[in-house]
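Common to both upcoming complexes is subunit A, partnered first by subunit B, then by subunit C.
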Partner chain A sequence: MKKSFAVFLKRNLAFANLAIVTNLEYRLNYFIDAFVQPILTTGIEVLLWIAVFKGAQSETIAGFAKDSYLSYALWSAFFARIATSWMYEARMIEEVSSGSINSIIVRPMTFYEYYLSQFMGYKIITTLLSLTVPLVAAWYFDLPTIYSRIPLALLLCFYFLILVHTISFIISTFAFHYTKISSITAAKNLLFWILMGELFPLDLLPEPYKTIFITAPFASGTFVPVGYIIGRVEIDTVYTGFISVTISLIVLNLLGAYLWRKGLDSYVGTGA
Partner chain B sequence: MIKNLKKYFSLYGAMFKASVIADLEYRANFFTRIATDILWYIAQIMTFEVLYQHTERIGDWDKYQMRVFLGLLFIIDALYMIVIHENLENITEKVRKGDLDLLLAKPVNSQFMLTLQKANTAIFGNLILALSWFFYALTGLPDFNYERLLWMLILIPCSLAVIYSIRFMFSATAVIFTRSENLQFLWWQIYKLGMRPDSMYTPYIKFAVLTVLPVGVIVSVPARALLNPPELSYLLWPLVLAPILIYGTHRFWNYALKFYSSASS
Partner chain C sequence: MALYSVKTMKYVIETQDLTRVYKSYQKPEGLKNSIKGIWERKYDTKVALDKTTIKIESGKIIGLVGANGAGKTTLLKILSGLVVPSSGSATVLGYKPWERNNEYLRQMSILLGQKNQLWWDISPVDSYALLARIYDLNVAKTRQRVDELATMLDCKHVLNTQLRRLSLGERMKMEIIGALLHEPRILFLDEPTIGLDIVAQENIRNFLSNYVKEKGPTVILTSHYMDDIATLADSLLLISKGNIVYQGTVDEFTNNTNSELAHDEKVDFEEVIRRFLETESRVR
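Moving on to the complex of A and B:
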């Protein structure tokens, strides 16, 4: 038992390592993904909030000062990039629809863990490198940031990533039955974009939408961790996030396992 | 010249027909695409509707004017998605798989083929939605002069030319770098600058988004033609800019091709 766990751990660390090496190989590509894109998003959002405050002619909006919104714009762009999956989901879909999944099925591992480890490896390195930007910017511009809260916020975000991967896994099982499903990824990520709180802090929504959006598991990708770091939400909302993600993980993993078995039953071995 | 134009028009007609048939073949994908864009519309509308609950004006415009701006954004984006988007999205793939070789070997302009080979006909559904939102938004402006809509006949094609030119240059970098997916995502970030009204920006940034990186011309200029008293120099700028940019894409494409070493060789 102990030995098999060690093998499992070693194997998955190797997958994670593989993802890190592969992504760092194309440095310009990686640099744009981890730094340039979120920095640009932050810039655009900061400009929006400055314009909003200018128009509002008020010191606070919904009880929070301009600094709180600027800090939110800064952190949310980076958290949102960490909390979404484009590349690995596209690869998983391609693997199933092209039939190259054969080489994974015959190995002593699961498709789910193979990509989860790679996905996590990629996200860990992205987090370590890219979060230096908001850390330095928050310190330099003296934006509201409670540094001691960052580890728990990151933990929630990474827990949420397992859910993100599970959803990617479910979507990839559709490729057993349909040939072209790439637009589902785009639709899903747009939905995440709305529900996670990347567009604006979710506590600006009127009730009952505010409570619904914040309690839903998607808020754990951006709004809850960022809100916790900058002091917009407290620890009870973080706990709610963990509970909400856990419930979703149970339900979606059961669904994923069912869809995977059904997909394999209809799979003919040469691609869907 | 006329004969050549006729040839390209009939070629586009044939490619458009083929696109309709291809899109109808994958019906699930067809409907998901429409749903995707509806989600994007919702995201844009929601952002501003929520913000306007807390402020009277953003930049120069109130809530009703911003709705018109968004309507224009949706229309221009839908037209771009129908005619151009999918083709430019696939350039990286074509370069990597060697499909570009086939296009370069054809007796037609390779830029034309790369740009217009596939139309995304599913987006016609979105265009109808976008037009509906736009006209609904106009009803919110009680003193709106409907004659101003005539400006759109000139300014929307100019916007499409601008959006195409910038996007094409981003896509064409795939020929130079081979792997430039994230550079393509970068386009999306820059395009986002144009999805917000230019009056929101500080003077230097506003100048930059109207000239150096002219994404501000795409929606803000036509929206101003509808919402503000006409300022001729401002409105004529896209007419000057569009041909310059289109010519720029032609030169850039020829330059990029010098780096092409063919994936299949």
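Moving on to the complex of A and C:
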């Protein structure tokens, strides 16, 4: 049992390494993804909140000052980028629809672990590099940030990533039956944009929506970790986030396993 | 878990009435039918493999021959665990392939000549390092084995080049190394020489011939090049429209069918196969 776990671990570290090696093969694309996109997204969100406060003619909105919103915009852009899956979900769908999945099915590994480890490897290395952007900006503009809370906030976000991957896994099983389904990714990420709290802090919503949205697992991608870092939410909400993600993981993994089995039953080994 | 010890098995591959039916969407011409297809789709069914029963002994090299669409690849896909059969049963090394037991997958390899199985964006050496982890191989020994296989295939100079930048022949050599790295007991080769020039075909043929002599895996080989079959196979499986129509040795087949189909005219193996398949197509 111990040996099989060691084999599993080594294998998955190799998958994570594969993600890094593959992405570094295409330096320009990776640099834009890791640095340029987060800077642009942050810039857009910061400008949006500056405009909101200028229009509001008020020092605070819902009890929080402009600095709090600017800090939220800065960190939410960073966290939302971590917590969203575009590239890997697209690859998973493509693998199934094009038949490249053949090379995974016939090897002693699972599609789920193969992509989860790659996804995590890619996100970890990208996070380490792009974390410099909000850190430098928060320090330079002296925005409200509780630096000691960053590790736990990142931990919650990365735990949430397993859920994101599970959802991508479920979506990719649809490709066994419908072939082209990239529009589902676009629609899902648009929904995530709101549910995670990237667009605006979820505590601005009226009750009961506020409680529902914050308790839902999606808030653990952006609103809860960011709110925790800038002092908008406390540790209880972080714990709720962990519980909510855990429950969702159990339910969605069961669903994913069922859909995967159904998908493989109808699979024709495309392209070979 | 294996049903019984591989060492005691006479037959490593056994199938009984193995059948696979494919369903494909039929789209009649025109915009009107595209709109209608949103809620009402028509499907056509095709029997790719029809009640196939075969038994293959350990250590044999089987040439699986048939025309396009005869069911060769479908049979390989089922035996390798890629595709689930519609009905019937099959065991390979005592495992049901489509259950994809890791123990089975560690002992099996499939090479699909028309599909890359190594990683497109990285170099072959990086792919092999990854395969060593996937199959739980000793990394140092794997490197040594890659070196040996690449020397035999005369392709050491491209091991560090990104796969996507290699020629078709070089890529196939890399794929073959990747398929043999874990020394599989069962090897499915689906058109391993497709699209290659005569010299490259011969190199790969010689390499495979030496490899199977040395390691003794059970091999099922499909190819449209009859030289591949004549050189490598010691048994033949002829498949036509999803049915196995001949199962026996290459020599028996050539001798028997030479008199029947070639009317005692002395023709080579390729010609015999061609005439046989033509006859089968007419009969069915």
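Just so we're on the same page, the second predicted complex is superposed on the first by the 270 of 272 C-alpha atoms of A that agree within 3 Å, B and C clash if a C-alpha of one lies under 4 Å from a C-alpha of the other, contacts with A are read in each partner's own complex, and residues count from 1 in each chain.
FYI, a contact is a pair of C-beta atoms (placed from the backbone, for glycine too) under 8 Å apart; a residue touches a chain by one contact, two chains touch by 3 or more.
Fair warning: this is a prediction, and the values are worked out from it, not measured in the lab.
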Partner chain(s) touched by A:251 [first = subunit B, second = subunit C, both, neither]: neither
Who wins on subunit A residues touched, subunit B or subunit C? B
Partner chain in contact with A:40 - subunit B first, subunit C second, else both or neither: first
Have a look at where A:102 lands relative to subunit B and subunit C in the superposition and call it first, second, both or neither. second
Is A:146 in contact with subunit B, with subunit C, with both, or with neither (first, second, both, neither)? neither
Tell me the contact category for A:212 with respect to subunit B and subunit C: first, second, both or neither. neither
Would you tell me the residues on subunit A in contact with subunit B in one complex that are also in contact with subunit C in the other? 26
Complex interface listing, subunit A residues touching subunit C: 7, 10-11, 13-15, 18, 21-22, 25-26, 99-100, 102-103, 105-109, 264-265, 267-269, 271-272
Of subunit B, residues touching subunit A in the complex: 26, 28-29, 32-33, 35-36, 39-40, 42-43, 46-47, 50-51, 53-59, 177, 179-183, 185-186, 189-190, 192-193, 196, 200-202, 205
Inside the complex, what are the residues of subunit C that reach subunit A? 22, 73-74, 77, 80-84, 98, 100, 102, 105-106, 108-110, 112, 114-119, 121-122, 126, 129-130, 133-136, 162, 190
Complex interface listing, subunit A residues touching subunit B: 26, 28-30, 32-33, 36-37, 40-41, 44, 47-48, 51-53, 55-56, 58, 61-62, 87, 178-184, 186-187, 190-191, 193-194, 199-200, 204-206
